[in-house]
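This is the structure I want to talk about, given as structure tokens.
Per-chain residue numbering starts at 1, and chain names A, B, C and D are given in the order in which the chains are listed.
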Amino acid sequence: MSAPIRGPIRLGMVGGGEGAFIGGVHRIAARLDGQFELVAGALSSTPEKAHASAQALGLDRSYDDFTAMAEAEATRADGVEAVAIVTPNHRHAGPAIEFLKRGIHVICDKPLTATMDEARQLAEVARASRALFILTHNYTGYPMVRQARAMVAAGDLGTIRLVQVEYVQEWLTEAAETKGSKQAEWRTDPARSGAGGATGDIGTHAYNLACFVSGLEPQALAADLSSFVPGRALDDNAHVLLRFAGGAKGMLWASQVAPGNENGLRLRVYGEKGGLEWAQEDPNRLWFTPFGEPKRLITRNGAGAGPEAARMSRIPPGHPEGYLEAFANLYAEAARAIRAHQAGEAPPLGTTYPTLADGLAGMRFVEACVQSSQANAAWVTL
Amino acid sequence: MSAPIRGPIRLGMVGGGEGAFIGGVHRIAARLDGQFELVAGALSSTPEKAHASAQALGLDRSYDDFTAMAEAEATRADGVEAVAIVTPNHRHAGPAIEFLKRGIHVICDKPLTATMDEARQLAEVARASRALFILTHNYTGYPMVRQARAMVAAGDLGTIRLVQVEYVQEWLTEAAETKGSKQAEWRTDPARSGAGGATGDIGTHAYNLACFVSGLEPQALAADLSSFVPGRALDDNAHVLLRFAGGAKGMLWASQVAPGNENGLRLRVYGEKGGLEWAQEDPNRLWFTPFGEPKRLITRNGAGAGPEAARMSRIPPGHPEGYLEAFANLYAEAARAIRAHQAGEAPPLGTTYPTLADGLAGMRFVEACVQSSQANAAWVTL
Amino acid sequence: MSAPIRGPIRLGMVGGGEGAFIGGVHRIAARLDGQFELVAGALSSTPEKAHASAQALGLDRSYDDFTAMAEAEATRADGVEAVAIVTPNHRHAGPAIEFLKRGIHVICDKPLTATMDEARQLAEVARASRALFILTHNYTGYPMVRQARAMVAAGDLGTIRLVQVEYVQEWLTEAAETKGSKQAEWRTDPARSGAGGATGDIGTHAYNLACFVSGLEPQALAADLSSFVPGRALDDNAHVLLRFAGGAKGMLWASQVAPGNENGLRLRVYGEKGGLEWAQEDPNRLWFTPFGEPKRLITRNGAGAGPEAARMSRIPPGHPEGYLEAFANLYAEAARAIRAHQAGEAPPLGTTYPTLADGLAGMRFVEACVQSSQANAAWVTL
Amino acid sequence: MSAPIRGPIRLGMVGGGEGAFIGGVHRIAARLDGQFELVAGALSSTPEKAHASAQALGLDRSYDDFTAMAEAEATRADGVEAVAIVTPNHRHAGPAIEFLKRGIHVICDKPLTATMDEARQLAEVARASRALFILTHNYTGYPMVRQARAMVAAGDLGTIRLVQVEYVQEWLTEAAETKGSKQAEWRTDPARSGAGGATGDIGTHAYNLACFVSGLEPQALAADLSSFVPGRALDDNAHVLLRFAGGAKGMLWASQVAPGNENGLRLRVYGEKGGLEWAQEDPNRLWFTPFGEPKRLITRNGAGAGPEAARMSRIPPGHPEGYLEAFANLYAEAARAIRAHQAGEAPPLGTTYPTLADGLAGMRFVEACVQSSQANAAWVTL
């Protein structure tokens, strides 16, 4: 909870107009620690809607589209220093490229893009840009996820053998996309979401989390994708086998059609010496079992939790921090990185956030799942 | 997540300098929904510390003390519209009175004051003031607490018979107050905390929550207070029997010496037709059992949750909201009430926050616990 | 799971005819480890019903009443060596006295009797008898209850400060006794149950468990009893404050009117160095928190569990043992004690079962609760 | 808890001498409801050990080997009516065949045999025999498993889409088979266990449970088996994808190397209308979510539980029944079937137990897993 040494970072937003879900989340996350101030936006691809949304938010600088915004802001003395991109997947690459080209830092929602082509274009620009690119795989912002990662890295589990991860939802059990749900519409639409349904929307989160915590390098996968709801173009369930460098193996299950599950992201990692279990719906607790000893409950800021969790945490143990705080942690990491970048310094020790590489890995994950499934769950190298 | 119709409310703060816990919480809570902007403060009773803290926070208007602050801010055109008081208990009444006298709204941490005398003085001023007084019994801001209250009020449980509440901690199991913990020092010091230890610090929360959800009027209590740690002047454990108007009964347990408990605030309410269970450390879930039917899990924004929970909630089910969000909900209620007050209108339907009356009830609870315990747990009328 | 060195002990039963609940439990418990064989019974106070029940059970020796049974069995070479008494409370003392007088061991359901007078008469006979008296406070047979007791005794928690116990049910939320439930009829009838309702039926279990695990000597209690259901003669809810020798304190809650609770017997014990938590509905797990360390899960026969739990356990960890096994553990303890008694030896080290003293303590608990409640929850010395 | 209409069924046992685990479980299960009496045995393949074990159990008729036993018992008027086979897998077929040939009912531990050849031989004999063959896939004896099966069959979940099952253990995380564990020795030995390690020992249970509850017919699987512990000949981890007739899909995970898991058998079934979740370590609870409604907790004998669970249950809700009771339920089903068979009648309505067909399906499951894994997780038809 240390304070800004100067005023907040000036933030712009692309997408996130009225009715959007994730835009509001980004705004709260950006605001929570006082490190960002939203000053400009192109909040919708429909200019009227964009301006109405801006007015509702009390936002003075509202643009017709992201290109106009990028051009104008890049030339203002008080122009945005960073931009949050919270559009549907097929509208990530366009604005990201525009802002990166102008040296404005990009905080982009996942997955990276809708198509692999877009991803490659974006990657090229990002690599050439002097600006930072931060991908909001927000679950990596949970304190106990950081704790788990640190414990694995410290060898508390020994060599990792197994990574079991799942992200299970129920909301698409019925054909919500035909019943007026805008969220369901674009998330089941290949034109807007890309080749992956559950795979892209939540499978990438599960995959990213598994890699983030285990530190393992995935080598191959075999995937069996399904679209259980009649008429649905994208997968709503993914059964995936994983193989990692060094011999570890895993299973990944992503589903949007499992009644009784809201956002059931759950990770279990097992090594030669111990095991870890974590669930996103109960995020302040991490279960650790050293083989041959009783299972231990490590709580955020409680006994057994280390500095990696503490730096992601605002309040003492027993008062739960949740999804918005985890999301805000990525914004706080972004702020540290941006300020260091502006000062020409290295970011503070421990600063960690998902990057372009994670985004490309996620795109490759979706692509490989689709390839494998089309080949009857044959192994595809990652 | 509706937006401000004008800029944020200008907020001041008394207390909350570096090293304080609850001040930081109030700042996040005020900021989270973008409804308040911190613009001035008297952040410590030591001016140097106050100014250093203000500088660290990037706060321009820093005052030597709350009196100077009240006087100056009341005369500025852009003076604070509301002030958050986050000092130790014995320094609540003083600043609250100064700001209320000048028509500035007060958002005050609990318990109301350190002594009943102070409470009465404050009450007198508050009643005479045109300004609002909001007490941050923050647990009433949890969405599922609102849900529970609404269900009881709607008669889902029938006539209430039993209210079992507890707030259990471990942090004072040893004499932390002699080992350098500032939090422990003032919270175990009668001069700064008042007559109640666990009773005042957490017992008042439990008591407030029990009354808030059950809607019952307490009539009498019998209390057995203990100070288990040698040399501790205030109670660190309270065993309390409760009787309510209409015949309902209850038990309240507050403890700071129960290893294995972080912030174990737990409420169970039982009526002729059903029962409810809620725990603060798992706040997004409410368990409801209609007698003779299977127990049901009602989640924040999930099936079975009603509008009272929804208006306290920012994101869909399955992504946990926590302590800071609940705290921010009280600030959001305060913002609604303040804006309505400024507009000369009634606050939006459903606006609910703890008031002076709750503060006085809490003070009476502590006083009655001490009286009862001194009389060997005799019944004391409330 | 060591085997009998000779054939099973010949067991008789008084009560437990068709429609009874606890009789069937005793029969399974007696049979589970192969240590007892049921050979005779006076299964009902109505001879016809007794004989019909005996026939249904394939029991050859069926008696009109317990007196006839005691007389006949005492003179047979193959007469019963022990008798299980599973009648309603007001019919415990009579048969127990008859069998004890004849040197036949008695395994008696709790509470000891319906009245204190009966209890004293029974105690007198029991003390004069050469036979053993075993009271089935069956929850003391759970392996993890033994584990908890051993940990407290070993000082793992340091000096005990707090004992919080509750036994919470829902089944009498409505007036089941007027709707044909025989169980409800006798358990709410002072003539058959004695002075205590919830207090006697389940409060005695909670009280016994608290004392068994904590090893503390109760000194005084203050009780607020209620009969929430109109027309109910006995208490259906008990709120009790406890004080123990040495300064520890406790709360006991027994209720039959809390919807959502089946057999919610839950014990929490806290000392200067740590805390323990156990719940009957999840009996294979014990939570232990050494102060300042992560909470640990100790499972039956798992890591961290000691010999006191292992000797009460039949199978490896992870395969749950339940209520019947715990009940059978008391029968196994009884078998060990009876066989040692027959051999003129001391029972095997560690043999532990509830005795007459526990029964008298339970009776005194009920009596004191009623006295205290009639005196407006004044303290009553135990 | 209805009583035998005649004396208990005379039971023999093959295997289960001292030091064996599962033999003791069968003996308790057989005894628990008073339906069987153990009267003869060939308790070990080493005659001296067999006789010593018999003596320790107080068993008069002890045989040198199962052939001698089958011959002798088949000719006695009071010979065994049924025999329990509790040997290692490679010694199932031999005795089963001997007894079946003589018309003696067989209750056999799983998996059916060590090899597919043995399985086929046994199947041929079993089909020709007039005696019953009961396979103790004991988890099908849990009341809430029966409840789940009944709910699926009744259409409460609609058409099933997903079956997620896992059986996860930790006990072979290290090379216990080289450190003196007899259980580990034979269970990791292809000569005694067959081609499957975790697959055969626990994977077959998971597979059987998935089919039993879902009622689905498996069509194909793809398996990735591992032996993580160096030097281990059989798999200790199995990752399996499943496809069922009608389009449902599933995942099965069996592991013996996941620290923190004791007997983590967990089943989740999802259909178009709802979902079910059950875990063996908490067996008295079943979670049911009708899509769009709150999750419901159905407890054994509690509200919402039906007759299929009730007939597998002995005591009221809230008093847990466990593993031994579930195992005993299969013995009770066997007793019903045997008595009906002896009377020339159909077994009572609802009598359900795993049969030869389940055993063959389990053998095929193991075989297919090994085939698939050897073919790099290619799909293998079942």
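Definition applied: contacts are C-beta pairs under 8 Å (C-beta built on N, C-alpha and C of every residue); 3 or more make two chains touch, one makes a residue touch a chain.
Bear in mind that the values here come from a model prediction, so they are computed numbers and not experimental data.
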Quiz item: In how few steps can one go from chain B to chain D if every step must land on a touching chain?
Solution: 1
Quiz item: When the contacting C-beta pairs are counted for A-C and for A-B, which pair yields the higher total?
Solution: A-B
Self-check item: Between chain A and chain D, centroid-to-centroid distance (C-alpha), Å
Solution: 43
Exercise. Determine the centre-to-centre distance between chain A and chain B, using the mean Cα coordinates as centres, and give it in whole Å.
Key: 34
Exercise. Starting from the mean Cα coordinates of chain A and chain C, work out the distance between those two points in Å.
Key: 55
Quiz item: Which chain D residues touch at least two other chains?
Solution: 261, 288, 295, 299, 302
Practice problem: Could you classify the connectivity of these chains, where an edge means two chains touch, as line, ring, star, complete or other? | Solution: complete
Exercise. Note which residues of chain B are touching chain D in the complex, please.
Key: 288, 292-299, 302-304
Self-check item: Of chain A, residues touching chain D in the complex
Solution: 161-162, 164, 170, 173-174, 222, 224, 226, 228, 237, 239, 241, 243, 247, 249-251, 253, 255, 257-261, 268, 270-277, 287-291, 295, 376-377, 379
Quiz item: Can you name the residues of chain D that touch chain C in the complex?
Solution: 1-7, 21, 24-25, 27-28, 31-34, 56-58, 169, 261-264, 280-284, 299, 302, 314-325
